[in-house]
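Going in written order, the chains are labelled A, B, C, D, E and F, and every chain counts its residues from 1.
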């Protein structure tokens, strides 16, 4: 089955992006496909390569990049939400791209399930 | 308010419901829900909007967020009809708990009771909840 | 002490908890989505009635106006202040406790 | 339809509102801070009892464990699932609605 | 867990209360409250911690956030004593509503009723609420 | 009177930073002093000069920079919170500086009032 994932909150502040990661990993392990993850609102803050968590903590951004590379996931960051929060191409981590909200509606249409993580 | 247009998108038609449960202005959820709704219009899907709990406050008349230097997006709900988005459902119990009626809202809506709202939700292909 | 509540009482228990800790001298100011607590004729009206009757409950006018709540219709005893009034409440009744 | 609730029922009305819209066929999965809804002997226990008795209420085990709630002590009828179980619930009962 | 040390800071002593009302792990508030508490120890202030509403869950025994790949900071509360932070107040009504008692907590605390908690709050110079 | 301000949420997502700005402006207009504003948790996201809100929207970051310049406010961003969210010197807007949590406790001690805005 194909899953689309929507993430509406930033890393570390809320558990949303942790839950989304663990859900996505489990879905892939069960043989499902996750063609696209859409980062909206504060969710765009998951995409900055400048982040540097403490040594004993998880690296949320790197986890996304690695998952995307291994499984060919399209990590899409909402352009309007990103611009107003200072997420631009120059700070984007590997695997992320910036695009429009149409990419969210599109995955909603194309995927079998859309799963939302927010606050 | 849109980032792009995808008028040439074609495919199956799904029933999309946007569920709005948060008050406006305290968080950006209400505004960003409306942004997705407007974009979705370009995809020719079967779109409906549900307002319940504090989400009914999004449609309240007389809002003026400009006094907070914020965007005053409530009038945009009146533009939805022009995008052929005409299914706006508002939960009766939510209105009543807030001392409101349909007359307090900026747009004509269909007021439904909780049981009917639950049926409408269960009847969707995709639910985006904000 | 000046307490602020910034969530709707219809969505969270923050207002109720704050009122339970207002004591005999605390002041309450409702801001942001907390201003819905000032709507008259709701469950919150009943909870607020005691301290409001003693003149210890305030609501932030700009947040009311942003949300389309007429300042003339707020629950009995609730006083509407602007940002300057908010500042003065902190001065007069500080320290500040945010029921976030 | 699979509903998820991620807030504590002691802090917000999300669980109550979700239960009011579960209908006769909906499933509920409590995640994140929502897992406190599975504590037995609380107000939430009473609210959940109906659908839990029908086997339609789940709670995410890893979120329970993170919060020190023993999976063996959850309220009657509430079923504990792991992330694989969460995925399966979406497959079996989707679409998904998040009561954020 | 500290970013810096300011042992040489001197000045008046204020009564600082850290009010904890949120559950752990769902948001970062609980963890970051603890970080400020630890830093405050270096300033020789009169520090107390209050746990009420879902904040009492922060002290619950048996937590293991590592299963979520998150920091498991509950044991750190046991280190507070070493920083001479010994005033931990937990609200009785909040425990009871959650089916908990002081035996369910990772550290010894003073359980107080709501009225007493309100008095303690009113008696502070600075309140940081998380 | 001297006010310290604590902001725990990022711009646009929550009203906290708007409320803090309007409160600070009102305090200054009444002749009070605001020596320091401390940005903690997601509040650090108020400090990025890369943000670019839409033309018809407020510019939250620029508002802070201008207020700081006009009134000599010390805008302090928590270093640990900033690092894990990708807020570094290279993206800092004018008037902001990165420092430790001690700066928060210090303003709590020194100011007459500490006012908190969060979620």
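Please note the rule applied: a contact is a pair of C-beta atoms (placed from the backbone, for glycine too) under 8 Å apart; a residue touches a chain by one contact, two chains touch by 3 or more.
None of these values were measured; they are calculated from a predicted model.
Between the contact lists of chain B and chain D, the overlap consists of A, C. A centroid comparison over C-alpha atoms places D as the chain most distant from chain F. Copies chain A and chain F of the same chain sequence form an interface built mainly from equivalent positions, shared numbers / all numbers used being over half.
Centroid distances from chain A, each centroid being the mean of CA atoms, peak for C. Here the spacing of chain B and chain C, counted between their Cα centres, is 28 Å. Computed centre separation for the pair chain A/chain C is 38 angstrom, with centres defined by C-alpha atoms. Shared interface positions of chain D, i.e. residues touching 2 or more other chains, are given as 6, 10-11, 13, 32-33, 62, 95-98, 100.
Residues of chain B found to touch two or more other chains are 25-29, 53, 68, 70, 126-127, 129-130. Of all residues in chain F, those touching 2 or more other chains are 8, 12-13, 15, 22, 41, 57, 80, 114, 116, 118-119, listed in ascending order. Going by the touch rule set out above, the chain pairs that meet are A-B, A-D, A-E, A-F, B-C, B-D, B-F, C-D, C-E, C-F, D-E, E-F. Interface residues of chain D, counted against chain E in their complex, comprise 6-8, 10-11, 32-33, 36, 39-43, 62-63, 65-70.
Remark: chain B residues 25-28, 68-71 touch chain F in the complex. Per the touch definition, chain D reaches chain B in the complex via residues 1, 13, 17, 20-23, 25-26, 95-100.
Listed in rising order, the residues of chain F touching chain A in the complex are 10-13, 41-42, 45, 48-54, 57, 61, 80, 83-88, 90-91. Across the complex, chain C meets chain F through its residues 6, 31-33, 62, 82-84, 86-88, 90-91, 94-98, 100.
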